[in-house]
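Both of the next two complexes hold chain A, though its partner changes from chain B to chain C.
Right after this comes the complex of A and B.
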């Protein structure tokens, strides 16, 4: 009988994860015990505090981990500086993301359905809204997702990685379905995400099984070491390993949103509540890319010793995916007519640029990847935060015409996401437009913004890995990308707002209680969605109304997030060296 | 030592921040906001103080050693990627800084009434102009390739907003996008070359923390193939910027649609970054590749000279015409640079300054003219017989036009003749033949200037234009320094040549292989 030995656990090293996931559990309890009135505020405070706490522990741990990486709980959590850096970035981005989630704006409503379980368009849904219900479960869900992401980026064990993948994915599937408006679209997005995500998870776990079959272990470092030393029972069958690694990589590339595993991205990003889209686009991508880097890098160490040929093939796969992702992301993105879809394709294109940096398989690429994730994440969260504030408003005809004052009494509807609707935004909301323009310029990689330093790092990473032609391709793709960001910029800044928003007069009862009705989305053949209002049918003939585009005031959190993102974008663009210094420390990979 | 250059860069930034404060407020049209409008006087004050600072920089600069980069400052900026903040100017750089700094207050004055009473719009305009000024000054001072690249790209953004937001033409948004896409496309190709250059320099043993510094890179032997590739990368970016046929097509669109003030800054200063880059980066960094490409470049330059001039003659739009004349003149500048003779290079450097003065004057005066037309028409055919109506305007236009066609006695004549003589004795094969081929460009210039003058100002005044007011005091103040500059430098070119001769010798020595040293001395004594 072997005696059970309690493992030595370095609790401090686990602290960032424990704080975030623990707060998620506490959040679930709060749902049960805190009165409904105070629930929302309690949840927000708890969530933000947990994320800030997680980030604080990352900072505390930093010097220790940089000096000596640790393995905790038998290697289930492997804290390298890179992993810890990824954790910090995820926590920081999640903090900004939650700020956007928490904003109710001047309309007094957040972006989430009062009861996500109600069937869209039913009287039950109507009742829930009228009685002011709120779905505060989104905050614990966000914490679980964030915790899963942090674990995803910091484990060496493929089984733990799979669990982390599920922990981060399941809450996201749910969150995608909770949009207040365009609920069918939102639920469709969640269903798509779930089905394709489950498929990707299956591929991932199958790949893990193959790798286990080859190496007899699911620990990446042990695999790498064993391959270097030789003597594995199936030594000759590196094909098994390569197939396994490819399947695992596919699972990860799905989360990254790389072509050809990107098909879900535009639909899910469009359908999900916009704050969640921002959170997903920034944090999920960060976690998935960090995990991809760890897997590929550790495998490449092993393969480099055992079978350079196989390593070369793996590299070719990554390069091909990178090229495809850049080309498809930028090319398809340039013909989009919806802001959220455009940002979705932009995120695909950025996955491509990230892969360009990763494909070099070297240490320099690791640090540039972290910086890229930070710069991209900040711009993304900021951009989606701006999207949440640009709304449609139904007003009496005549108000707001010829740039006159818009009556404030109109009912604010959902987000105005058609690019054409953004015309003249520069006149209506100059500060917001300036911030959005800054985020677009950063994503386009214009110098003196964070995006430029990030892109520069990714391309130098590729060049130092000997892939200079890939860097040239990346540069060319950037030119196309610039064109599509510019298109949006031109509409916002230079185009005057259309004199008439081109919306046919809607008939409704004057004096009807200004409670917002749920626009039900009916997809029509053209693919453009039209909004009709369920209760409109009963309305009597009254003053014609029209829909104008308006900018609602933030209640603070989202505005704070936008300001922080904008300032960070400029600072990281002009004086990036402190942060670059930190991420450089993070690239000390310990195999 | 007083950091003149950093102050020159930082001061307009401060100005942009101060003036731009509130630029993002809601824009109101009409006279509803009857604010007194501090923005204009404030911006003008900032730009005039900048001129005073420039005088200080000139005083600190030693013309005796104009070939050296003086007033230098070097600080680490982003050590992780090897970028430094390194500034310094030689004589050519200083003259171009001077051109930018002097043109800005004139442009501000010229645009005094342009934005109407819309205070917010006005603040945006002057804020962007000051921001652009900071970038322009900085880019001529940059001695670090990375810094140069960053500024080269970053200054496109204020320029883009100036073109797209404040022009008169209906096509200004398209023009702005076209401008930005051309420039960014070229810039990104240059970025690939910049990255490659860094890695080659580090590979050759340069300290990674200094591997973007031009002074370090000059000494690196890149190997023929790599050097040529990188030359192409840099040259495409500069050729687009310059602009040179066949990548010039954005320029006439911008000239025709942007406001004259914007065009002045853009074409007279910003585009000089292209030729300045060829002179101070392409030649010293890639001397062998420059010689290799020279026959091709010279051919394109001469084609630019002729094509630009012919297109100018064919234009019906006054501002587009001025734009096309610049294509022609930039051809001359590039021709001079790639002759590799001290005379040609010095002529090109001098011409960069003169073109700024002459074309600036032409753009601004043309803008004054257009602003007088009841319908703000830019069509030459809409004007007739204004000499008797607005004699001062006509006279100023004539002087600016004569400067454009390089009349002896004006500064442009000196520089153009230097370029042509330089080209006759130029190094690259066939240089003399190309120089002869470029001469019709001089004749064509006379055609487009004098024909235009004749159409607009002679004959009986057109209906509706009989009572146009002549140049106002403010407008005369704008035109006077430019005209004076052209005249003074025409009679005493030595004032500017002191600053460009030594750098030209240096540049010729860098690109020379062996014997041109005494040829250089000979040409030097000729002038």
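Right after this comes the complex of A and C.
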């Protein structure tokens, strides 16, 4: 028997991960020990502190890692400047995302069901709602997901990557199913996300198995080195490797939301609770793109030496996916009538722009994806935070004006996500509209916003990789994308608020939220489209009521998130050089 | 017997699982397809481990089993919640989100 040698572990290098995942575990314990009244506040403080702590450790580690990247536990965590940068971005975006999640708005209700497991429309659900139950487990789940994302972006070991993929996905599947309103849509989104996500992970892990079969190891760097030097057990069977790399890439592209693996994106983004959508759109994309860049880069080192032909084929795959993603994202996005769905297609289009930068297989360009992820993530979280505040309110027909905060007579319902409902928002809430406009302009890539610098970086990457035509296509796709962002802006700022049409009898009992089961989308020309149909069988038919669009006040956190996102978007657009300098330092993928 | 036969078997099982996911309509059956894909992966892992003569592949199979178990927990919870609401586990009935 050989003696057991304890591995040497650089705990400091693991600190960002340990803080976030450890706080998740502590959060689960808090559920058991903290009294119900104090639980929510405790969880929020713990979650925000953990994410800030993780970010602080990233900052502390930065100079050391830039000077000398480290491999911890034999490469299970490979902390290169790129990986550390991705960890920092994910922690920062998750912090902003949690702020939006934590906001209860002036209505005193957050976006999550009192008990997500209760069957919608039952007396049990009523009881849970009346007794003010809250599902505070969402905060530990958010921490686990964030921890998984941070690990996903910073490992060299494909098995660790697979486990990180599951650690980030499983909490997200659950979170998707927890919406307070439109619960059937929410559960449906969770089921779709879960089934397609599990399918993608299965493809990923089979790819890992094939790569293991070819190389006898699952460490990307070892595989790359071995391919260069030759002498692998199955030297001739490059087909095994190519199939494996393709399957792994497909698994990652699914998480990125690239066409043709995007089918889940619009449905899940629409059905999930809006704060979760923002978190998911920003952070998951950051993690998945960072992991994709690392895998492709390390594999390309090996393939470049062993079989340049296979590398070229891999590049063609990435280019084709990039083109399809941009075209489908912008084309289908421009005919959407729902704000959340529009933002979902915008996220698909952005996956395409990111892939344009990656497709060049150029070192500098790949690190510029970090800047893109930051710029896109900030704008996305901000935009979804705005969506959480624009609500439908049911008022008795003939009652007073609906400008200003929540009136006594109106019950605030779910979010008003039809684009037509956003007409006239510029008058009702000028600041909120301005912030939303800023986020949209940044996503569109208008100069003086972060999005412009980001897109410039991505397209420069493609050009320096010799793919100038792809960059031209990217610019054309951005122009189309600008059109659909502007369409939303025009509706918000220039169209008058919908007239008082759409009077309809609605069954309701005051003080009880209706449970929406079958969304009925009315023709848009009435100006007010309702997606609410109450199904409370025992409810009385009240006086004729109508649904108006209102802006609820934030209780602070979401407003803070929106302000921070707006300021960051402008600063990154006007003075990008400090951040670009950091990103340049991060262009180092190999320890 | 030639050991590569096991790799072929693993690939065949994986393909059957993937076809199940893509063609069947019942969420539970779709989910079983995913499980079949994961188990085919396990078979591939242990076969390759035997070919290379190292145990890494066998250890990896354990990791995959654990992940599959965790996936069952979350997946069945979601499917059962939907079933209790709608009395149906068909993925065709779950069609409110489209466009």
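Observations on the model:
Please note the rule applied: the second predicted complex is superposed on the first by the 540 of 591 C-alpha atoms of A that agree within 3 Å, B and C clash if a C-alpha of one lies under 4 Å from a C-alpha of the other, contacts with A are read in each partner's own complex, and residues count from 1 in each chain.
The rule is simple: a residue touches a chain if its C-beta (ideal position, glycine included) is under 8 Å from a C-beta of that chain, and two chains touch if they have at least 3 such contacts.
Computed from a predicted model, the values in this text were never measured in an experiment.
When both complexes are overlaid on chain A, the residue A:317 reaches neither chain B nor chain C. Contacts of A:213 after superposition on the shared chain: chain C is touched, whereas chain B is not. Of the two partner chains, chain C is the only one that A:271 touches; chain B does not reach it.
Look at A:162: by the touch rule set out above, it reaches chain C but stays clear of chain B.
When the two complexes are overlaid on their common chain A, residue A:463 makes contact with chain B while staying clear of chain C. Look at A:246: by the touch rule set out above, it reaches neither chain B nor chain C.
Touching more residues of chain A than its counterpart among chain B and chain C is C. In the superposed model, A:191 lies in contact with chain C only, and not with chain B. When the two complexes are overlaid on their common chain A, residue A:28 makes contact with neither chain B nor chain C. Chain C contributes residues 7, 10, 14, 17-18, 21, 27, 30-31, 34, 37-38, 40-41, 44-45, 47-48, 51-52, 54, 56-57, 60, 63-64, 67, 70-71, 74-75, 77-79, 81-82, 84-86, 91, 94-99 to its touches with chain A in the complex. Only residues 403, 427-428, 430-431, 434, 441, 446-448, 452-453, 456-457, 459-460, 463-464, 468, 471-472, 475-476, 478-479, 482-483, 486, 490, 493-495, 576-577, 580-581, 584 of chain A touch chain B when the two sit together in their complex.
For chain A in complex with chain C, the touching residues are 116-117, 119-120, 159, 162-163, 166, 170, 173-174, 177, 184-185, 187-192, 194-195, 198-199, 201-203, 205-206, 208-210, 212-213, 216-218, 233, 266-267, 270-271, 336, 338, 341, 518-519. Taken in their complex, chain B has these residues touching chain A: 23-27, 29, 76-81, 120, 149-151, 153-154, 156-157, 161, 164-165, 172-173, 176-177, 180-181, 184-185, 188-189, 191-192, 195-196, 198-199.
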